[in-house]
Amino acid sequence: MSEETSILPAYIPPKARSLFEPHRLFLMAVFAVIIFCAAWFMRWDWLPRYGGRLAYGVWQTLVMLFWSSIVGFLLAVPIGLVQVTGPRPLAWLAKGFCSIIRGTPLLLQLWLLYYGLGSVFSQYPELKSSFLWPYLRQAWPYGFVTLMISFAAYEGEVMRGAFAGVPRGELEAARAFGMGRFTMFRRIWLPRAIHRALPTLAGETVLQLKSTPLVATITVIDVYAIISRVRQDTFLTYEPLLLLALIYLCLTGILVAAFRFLESRIPTREA
Amino acid sequence: QAQEVKVGFAAEPYPPFTSPDASGKWVGWEVDFMDAICAEAKLKCVITPVAWDGIIPALTTKKIDMIIGSMSITDERLKTIDFSDKYYNTPTGVIGQKTDKFEATPAGLKGKIIGVQVSTIHQDYATKYFGPGAAEIKEYQTQDEANQDLAAGRVDAVQADSIALDAFLKSDAGKCCDLKGYVKDDPAILGQGVGVGLRKGEADLKTKINAAIKTIRSNGTYEKFSKKYFTFDVYGK
Amino acid sequence: MPSGLELLSLSPPGWGGVMLAGLAASLQLAVGGYLLGLLIGIGGAFGKLYGGPILRDLLEVYTTVIRAVPELVLILLLYYAGTDAVSQLFLLVGLPAVDISGLAAGIFVIGVVQGAYSTEVLRGAIKAVPPGQIEAARAYGMSPLQALRRVTLPAMLPYAIPGLANLWMIATKDTALLAVVGFSELTLVTRQAAGSTKAYMTFFLAAGALYLLVTLVSNIIIALIERHARRGMPRTG
Amino acid sequence: MADSAQAIEVSNLHKRFGPLEVLKGVSLTARQGDVIAIIGGSGSGKSTFLRCINMLELPSAGTVTIHGETIAMKKDGHGGLMPADRRQVQRLRSQLGMVFQSFNLWQHMTVLQNVIEVPVHVLKVPKDKAIETAEALLRRVGLYEKRDAYPAFLSGGQQQRAAIARALAIQPLVMLFDEPTSALDPELVGEVLTVIGDLAREKRTMILVTHEMKFAREVSNHVVFLHGGVIEEQGPPDAIFGAPKSERLKKFISSIH
Amino acid sequence: MADSAQAIEVSNLHKRFGPLEVLKGVSLTARQGDVIAIIGGSGSGKSTFLRCINMLELPSAGTVTIHGETIAMKKDGHGGLMPADRRQVQRLRSQLGMVFQSFNLWQHMTVLQNVIEVPVHVLKVPKDKAIETAEALLRRVGLYEKRDAYPAFLSGGQQQRAAIARALAIQPLVMLFDEPTSALDPELVGEVLTVIGDLAREKRTMILVTHEMKFAREVSNHVVFLHGGVIEEQGPPDAIFGAPKSERLKKFISSIH
């Protein structure tokens, strides 16, 4: 825990350092050896047969992740905000929502929504003959709604902390200069809160990425489901899982890099 | 002293083959089957429940020694693990809503949405024979979920093992539906039946098990405990 | 078929007792894994912020890889491949093979996973502490550890609590993954009960209620901690 | 200055924090172009008074009138007051510039962004015009080179100058300065003095809290000495500094070394 | 004072922030009991210089010696320096008291907790003794009534006094003050002056940055004028303020109004 690097974060952000420092080269070499061993000593003959389906699965995963976290986050902002500012009844409502969603397993929610609510829908002949039925009988709307709600609840909690953590003086300054509540929120409070919550949000989005496979239980097929399929078909233990790990690693890498980029847009002085 | 063998069971219940009761005891046809062959082969068998997802690695890392879990023998799987001879094989059926009249043939299922359990031989079969004509083939993680969706009207037909379907049709939820018939056999896909999963290279154990299966088939033990569960011969052709 | 409440009674044939035992097992795992994760997280966050370039890169690899790879994969790899490797190693040096308990392995796996997440949560929280306060601690000759304990940790708590609370919620539910190694925690016994009795709604709702209960109790405790942590902070808004 | 219109009138202002009554009835009138200096011991409630004028602290009792418009208040149910009409407060605030004792710069914006924020997003000045004004102001306070730096990387005095520029950029009718020169060196203090003089000549009104008596004497045309929650004495600077009447003020003045 | 032992020696200190070289070789020697005032324009590097002495900023070049012990430095691989031995820095720091320009009180502790924190947890003074000392100090700076308040609820001056009390509580051999009176009223400035005088009589060494030239003149026995990254001029206060030699200093002094 030495102190040297902490003093000048603005001038030597980690990314500015070369990719080719000795220890990084070493790490990359280790990684290459692992890949090589995996490719050489393990069975990959099943790969071509599933290639197309894997690509489709990755696409499905990304679509689910993208929309559920964007819409979920848009919901999370008001959920976090009302818990800090009130009004009281809304704050309680938001708190209750977060507690219930965060307090129960995602699988259960998915299941209740799809098999519970979904089968209630099917008991109404009017609904069954309406233009909505083609959507309601499909699985993805339920999967999407469940994932989105879950993200909103978890991120609502994160945003609550972030909103509460913005220094009061900066909000006062905004108020003192006659900013309306909305302008202050849009220009000062929200950006400050988001910036401060970014590292946590990055983690939560990765978690969301890994929650998406659950939609396979209601017949929405993503990359995880395809890999399960491979495992069942071949009874191979590690190979499909390693490929899955690699795919998730790439997706996460992209996510993390994107968040790091956002974070570094505003330099902060660290101690 | 008898050799101790850890038998892996799928921790998820699969009645009437394996399911735990509320006191934690495992019951079902496959439990009786295990008891019979272990007695025959003079093995001391210990039930070790492992979730389905972890059952193969548990076998390969020697946390268990064999798997009794309604595993169908296929060529693809034989590349990874070994199987004993088959110990049961049941026909494949198709069910649908009572109000909906159709047959379990490609023509009858044209334009229908068919539900199957993911990664089963039924999925492969449905994809090959019904896929071209059907509106959609939906993959479910468990058979129960497929059945529920049939009752809810979100799929038109479900193809599965006739025993599993039978259990469903007899239950309250299954009142909506009836059996539309058995599908035409295709051993290349529907396989060579269900066998005991074994690690590769344990020829000794495999020989013992195969011998035991043969014996209980011929001395009537097999028939005796099967009667408690089924009205027909689960061993199949 | 027995009614919903009979199914939940505490002694067989009710599944209530089994479910409570499952809950206890889940909590044991969750608490152990969470605490281990917190320790790793504190070290990791400080390593990332103040460590040398090599340490930082290694930690970056750790957090990225662990967070990226689905927990199921990690558990299968760490539990099966990991314990296998340890056993092989023991055999090599002539010691008897060890049998690592499911609980220990589970706590270890959950801890390692949670550690990666809490590293990031804590890193963000530490960055949110006004740098002057940490500088002041240094300026008065506190050792890094002291500054951490006396100033940085308490000062960053208000920013870290929501994220850490989320992690705790996740920890209680991640224990479900340990079903893969045959650990009888709440989700697995719920599935077993539901699968054996076909009373899916009853058991899933019961499990949901148990999880919710854990959450509500946790919420109360977290709110108390948070109120304490926010002492000295004027209300924003 | 009797002809000048009345810019600010505070009457009988009370403020309590829990058991502590900080302001016990303070009244003050400022006409356009007035520069009023508020002096007093640390903790005597000077900042609180300024903050009550733009309703950052809600007074426990009393009224504030800005350019003839009295801020409407209503009971808040906890024995205090709160503004009856939020939009009114907001509108009046955008005519008040404020320099905070602790600067309160927005940490996620550069100096320039801090300065143009209010003109562009509240007053709807076109962005390029706002930047032009802002750069001129930053040049004036000697901060042009630092316009793209984030506040966390500035020296104390630089932050204070940024805060002053931010307040000036909205060209407010009334300016509230809370110790605007506390972190500045004598040369810059002189510069701020000039700025305030210019503003007064434009008939803008200023209320400033300061501990630098020399500065107060030079800059203001009216000095208020706050003590024990009330105005102990007030008057033109020469009278206050030259011939203090109250014992307390005499002691306070005498300690100027 | 030639007989006094040497307390602090800074030699040829350089500090750059990226492209900006703030200190371009500053050397300074303080003997025990010295009170050195550092003056200079805003942004001239005064705070940076103080912060380099206790290694809060790492110098780009140069050495710092405290009570005869030179802080060992090594290259950090990015063209800068870092302490070779962290424990040494830590030990030396606990003999240096510092009052920050922005106070940096610990927000999660009350005033009293802030003051006893270092004595109890670093210097291992028994808690009741520490509280006794702390309360005496708080009384001296007039903050006894606020001992159980959290910093966020204090006025600017009260925070500054708490910060001074915190620094005094460790009874350091060397005190570094960064504008310790910026938020204080004249009476309190007088009080701080007395405190510093007392400390100097106890042979403690002080380096203080200030913008109040009067204060600098009264309190110090040596004045340093920092400009353009170097010491433009230094000497006894009377010489500096009475007969400045450099053009720059003359201009600076003349602006004291």
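Letters A, B, C, D and E mark the chains as written, and numbering starts fresh at 1 in each.
Note that a contact is a pair of C-beta atoms (placed from the backbone, for glycine too) under 8 Å apart; a residue touches a chain by one contact, two chains touch by 3 or more.
Because the structure is predicted, anything quoted here is derived from the model rather than measured.
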item	value
For chain E, the least number of touch steps when starting out from chain B	2
Leading chain pair when contacts are tallied as C-beta pairs	A-C
Geometric centre distance via CA averages, chain E-chain C, whole Å	45
Distance between the centres, which are taken as Cα means, of chain B and chain A, whole angstrom	37
Chain A-chain C separation of Cα centroids, rounded to whole Å	18
Euclidean distance of C-alpha centroids - chain C vs chain D, Å	51
Touching two or more other chains - residue numbers and ranges from chain C	72, 76, 80-81, 131-133, 135, 138, 144, 200, 234
Residue list for chain D, restricted to those that touch at least two other chains	102, 152-153
Chain B, residues touching no fewer than two other chains	53, 57, 60
Footprint of chain A on chain C - complex, ascending	46-47, 49-54, 56-58, 61, 64-65, 67-73, 76-77, 80-81, 117, 120-121, 123-124, 126-129, 131-135, 138, 144, 158-159, 161-163, 165-166, 169-170, 173, 176, 187, 200-201, 204, 207-208, 211-212, 214-216, 219, 230, 234-237
In the complex with chain B, residue positions of chain A that touch it	43, 115, 118-119, 122, 128, 137, 139, 216-219, 221, 225, 228-229, 231-238
Residues of chain D touching chain A in the complex	54, 56, 86-87, 90-98, 100, 102-108, 117-118, 121-122, 150, 152-153, 166-167, 170
Contact footprint of chain D on chain A as seen in their complex	10, 167, 169-170, 172-181, 183, 187-188, 191-192, 195, 266-269
Complex contacts: residues of chain D adjacent to chain E	17, 39-43, 47-48, 101-102, 142, 153-158, 160-161, 179, 182-190, 193, 211-215, 218, 251-253, 255-257
